[in-house]
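Chains here go by letter, A, B, C, D, E and F, matching the order in which they are written, and residues are numbered from 1 within each.
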Amino acid sequence: MLNLDPVILFFLLGAFAGLAKAELRLPAAIYDFVSTLLLLAIGLKGGVELARAEAGLPAIELLALLALGFGLPIPVFLVAKFLGRLPRADAASLAAHYGSVSVGTFAVLIGHLATQGIAYEVRAPVWVVVLEVPAILAGVLLARGISSGSVEWKSLLRELLLGRSIVLMLGGLAIGWISGPEGTAPIQPLFFGLFKGILALFLLEMGLIAATQLGSLKRNAVFLVAFGVLMPLFGALVGAVLGRAIDLSVGGITVLATLAASASYIAAPTAMRTAVPEANPALSLTASLAITFPFNIIIGIPLYQRLATLVAGF
Amino acid sequence: MQHYTRRMVTIVTEAALERALILELEAIGARGFTITDARGKGSRGTRQSDWAQEGNIRVEVICDPALAESIAERVRAKFYDHYAMILFLQDVSVLRSDKF
Amino acid sequence: MQHYTRRMVTIVTEAALERALILELEAIGARGFTITDARGKGSRGTRQSDWAQEGNIRVEVICDPALAESIAERVRAKFYDHYAMILFLQDVSVLRSDKF
Amino acid sequence: MLNLDPVILFFLLGAFAGLAKAELRLPAAIYDFVSTLLLLAIGLKGGVELARAEAGLPAIELLALLALGFGLPIPVFLVAKFLGRLPRADAASLAAHYGSVSVGTFAVLIGHLATQGIAYEVRAPVWVVVLEVPAILAGVLLARGISSGSVEWKSLLRELLLGRSIVLMLGGLAIGWISGPEGTAPIQPLFFGLFKGILALFLLEMGLIAATQLGSLKRNAVFLVAFGVLMPLFGALVGAVLGRAIDLSVGGITVLATLAASASYIAAPTAMRTAVPEANPALSLTASLAITFPFNIIIGIPLYQRLATLVAGF
Amino acid sequence: MQHYTRRMVTIVTEAALERALILELEAIGARGFTITDARGKGSRGTRQSDWAQEGNIRVEVICDPALAESIAERVRAKFYDHYAMILFLQDVSVLRSDKF
Amino acid sequence: MLNLDPVILFFLLGAFAGLAKAELRLPAAIYDFVSTLLLLAIGLKGGVELARAEAGLPAIELLALLALGFGLPIPVFLVAKFLGRLPRADAASLAAHYGSVSVGTFAVLIGHLATQGIAYEVRAPVWVVVLEVPAILAGVLLARGISSGSVEWKSLLRELLLGRSIVLMLGGLAIGWISGPEGTAPIQPLFFGLFKGILALFLLEMGLIAATQLGSLKRNAVFLVAFGVLMPLFGALVGAVLGRAIDLSVGGITVLATLAASASYIAAPTAMRTAVPEANPALSLTASLAITFPFNIIIGIPLYQRLATLVAGF
């Protein structure tokens, strides 16, 4: 039932160390190194597969993804504002986080699917890239209203599209696509051979970070925990139905459900900090990082996989 | 050696603000600044540098007293309400009056 | 703008002391502090930061003069004899009197 | 006779660069990265083997280890205090360092044994964990006396048990044990495949660090060098005899002898700095890092291996 | 507690100068110094610390006023013309007069 | 025609990210880690091959290398001073940079030759070491004149010979040579197996750095671009002819041509900063890093390979 892959155990180890305040701080440079490798590897993997298979993203799929990205934030916002009674800025910030996606969750998922030998659309990394930005724009709109002139849209969009994860993933994808399986063979030992090991280190760090983030869970604790668990379930349902509607494979439906369920903890926090500074950054980050991320990788992924099988049957 | 008195503004704030703050400083007319990475604690809680995103920066600007006042005022107006930030001023002696 | 004078205590000491020092500062009543990693040399030899264990930290606390005195006194009593450490005080101008 | 495995040559390269003051400083983040990988790998390796073999640490073995950990500091203390005429705090600090163990030495040893195809008890990483703490407690006791109320035992113990090496090694062990050989297969390329390469980098850094430490060897030079070479020989003897007494294999006796001979340069210095601040930290660290560590990995290990064969014959 | 006034010289310059600067400081008679890594911008352009080679260092020396003057003068004479560098002086209060 | 190996694509990705000011700063510690691995790997590879083949550097070859190292700076200096109308110090600095060599270019080259299965003299890493220093000394001489007492030659030489790249490459070489192919087998997965992947990361960083360096290309832009492209062509010609004269293989001629064409961006800038501080550091570094380095790895290497085939025919 639970996903207790060794990489998940590394997450738990990190979380334990963080909660126990063990002397295990890892310098930021290690986090950068490990996450750079992961992002490049995910992109490369997708690119190499794309080079093998047919290329291109069907227009209908692109539309569906954009609809998901711009649409999902709306129910999130409404729930946070009216059920959670949060101030508008905070609700909009949550909407941006939960509408957008988590590359870490995606990495765990593809590791999991690979172990189980389940195939999915090779262009999935492109989905991640496409889904990252729209929800953040939607979140800013929800906070400011359409008429507001105070948002520097141009610089916001620039910052988002040139964000670390997009540049590295798309860059890896392009390199993998251009160079193909043979061209990339000499760099595969690092990017593919060590993938799961690097993922384990990444999750160790995520565990540490998630644990320190839990400290902020004083006010709004009940709401945040409920929100952080129920919202991904809702997102997964939406993602799965959408995936079925555009005829994805079972693996692909699992991926889309998981992406919809996942919440951003890098791109969204950074962008909201600049664009909606009055939103409390700890609130969204705690929900996304300390509750939804662990929930998704441990409990969610196996669940969304079942959901996908179910939905695919219709 | 001849010495000149100038004012040093020191700002400690969220690392995420680095770009925006530099743009602001340059817009106001600062001709130089020095940044070091930092961590700390204040009214907005603990800020660790384990995760680059979460750390602080410590920015120093040496300039004439009038500019220092402008910087303090503008930075206070633009960032104080919503960001973890402190700002303080000191007198410093410099050797080259034309430089600052 | 109205300015207020406060006191800044700066402590340079062994990185290994970070936790203990923070606990001490908070016990005395400091409401905030800023830490940067450093290296250096003094009467207790060279302290490089190549090996995290061996480096220094540079801790700044801004507070009212009385608290600054208490911090200096307590830190001196508790740590001076056995740790590589220096401590110095300066006046700084701040904008918000209630914050420090 | 000497252990001139390539990883040892990396140590010598680092030591040369350090002594020659070459421009070869490696940032602390690299040290953290490399040592994290090593500690996890050692734990994982042990855990995977434990999952394969029978689990558990015989009670008699545990008792023997505790006796060694609490007992070895006493002769060290006496020698340092009365032969070396060191102040009580310094003698106690040396006792803590030499009673405790060095994971770096252990890593070199298991690399060496693997190259030679010599088997040893798979639970050996547990020995390292068990041996790390008691000697440090003993050292604090020797410095303060039993009655002393000035030691904050609770926080000291907490700090020791949640130290970096224990958390990472035990964590790796648990993950390896739970996931077993097959479960860990996807992460083995990083943790097992690169083990010796990572060890080489680690030793390069240790060489650099040991060299800078040599600078402190001005006062007490003669005593420190003699102490740093003779004390491990004595420790090895005690370890070997104890290993024989509890019926370890030849490989196991080598491991226990080497562990007893090794001196801590991470856990002990950190703990003594807080618990016995009046002890001169450079003294113990120089002996342990700049003399005993190189002695053990270059000359000691082959020697202790012979000693083990000899002792096992009785 | 008795306080003593000393002078603090702060130098911000190219990281590549670290060794040469330390040798110089010790030759003039400084008994200690503290270094932190920094980045910044000044008349010689932006200096980022992404690439160790390209970053800045920030060096502090606390000493008596006369030595501080010598340091300022010597450093100015030896390095100002060709290196990215600023130098400023401040008064600080210390607790141990014999140490600085 | 162009070298569009995936590792080159990583360079372009980094350059794009740098030019677009994407949020992709990599901490200095990563650069240090990656470049340490590369330098050690290059040395080790050479050492292992030397252990396999005959050892030793023919005297004639050594003489030729020294002549190249001390001689090449002279035409560079004359061109920069009289055609480029640069101040003496700047011309001398360029002479030092372009007379010396770039290890990064060498790494790309040996990756490229390996992919193409082209053999070259296994002692080539020694050439890199021998070629690094003389041109820098020549540059200082050109700046100061022979009589000048103001240069601290001893400490300059010390600094150069104990520089990071020389220590790591020679160190790796010695270890590879002593331990041989079998001895180094356990560390090969890290140093050899990951070589190209690590090189990809290194080039990603070089792209970022080169892009930021381009910002300095305001004054002297035309001269610098022309110089940065034509000077390597001239260097390659000199190197190729010299390689032919001392009877190197085609692969060896390619290597020597590429080394002569390459310009230093680590050792030379550091040394000139101390020895000739009045030279403008941005000028030489921009030419070397932002123009010549990309030119050489993308366009130069395939060109020099053809040149070598051509020259070898005489």
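Things worth noting here:
By our rule, a residue touches a chain if its C-beta (ideal position, glycine included) is under 8 Å from a C-beta of that chain, and two chains touch if they have at least 3 such contacts.
Since the model is a prediction, treat every value here as computed from it, not as a measurement.
The set of chains touching chain B and also touching chain E is given as C. Listing every chain that touches chain C and chain E alike gives B. Interface note: chain B and chain C, two copies of one sequence, contact each other through mostly non-matching residue numbers (shared numbers fall below half of all numbers used). Distance from the centre of chain F peaks at C, each centre being the average of the chain's Cα atoms. Distance from chain B peaks, on a Cα-centroid basis, for D. Centroids built from CA atoms put chain F at 34 Å from chain E. Centre-to-centre spacing of chain C and chain F amounts to 46 Å, using the average Cα coordinate of each chain. Separating the CA-averaged centres of chain A and chain F is a span of 41 Å.
Residues of chain D in contact with two or more other chains: 26-29, 32-33, 189, 193-194, 270. Touching of two or more other chains is recorded for residues 36-37, 52, 90 of chain E. Arrangement of the chains shown, judged by which pairs touch: an irregular graph that fits none of the line, ring, star or complete shapes. Which chains touch which is summed up as A-B, A-D, A-F, B-C, B-E, C-D, C-E, D-F, E-F.
Residues of chain B touching chain C in their complex: 10, 12, 36-43, 56, 58, 69, 72-73, 76, 86-90.
Only residues 14, 16-17, 20, 45-46, 48-53, 55, 79, 81-83 of chain B touch chain A when the two sit together in their complex. Residue ranges on chain D touching chain C, taken from their complex, read 25-28, 31-32, 208-209, 212, 215-216, 266, 269-270, 273-274, 277-278, 282. Chain A contributes residues 4-7, 9-10, 13, 16-17, 20-24, 26-30, 33, 111, 115, 189, 193-198, 200-201 to its touches with chain D in the complex.
The touching residues of chain E, counted against chain C in their complex, run 1, 3, 6, 8, 22, 31-37, 62, 90-95, 99-100.
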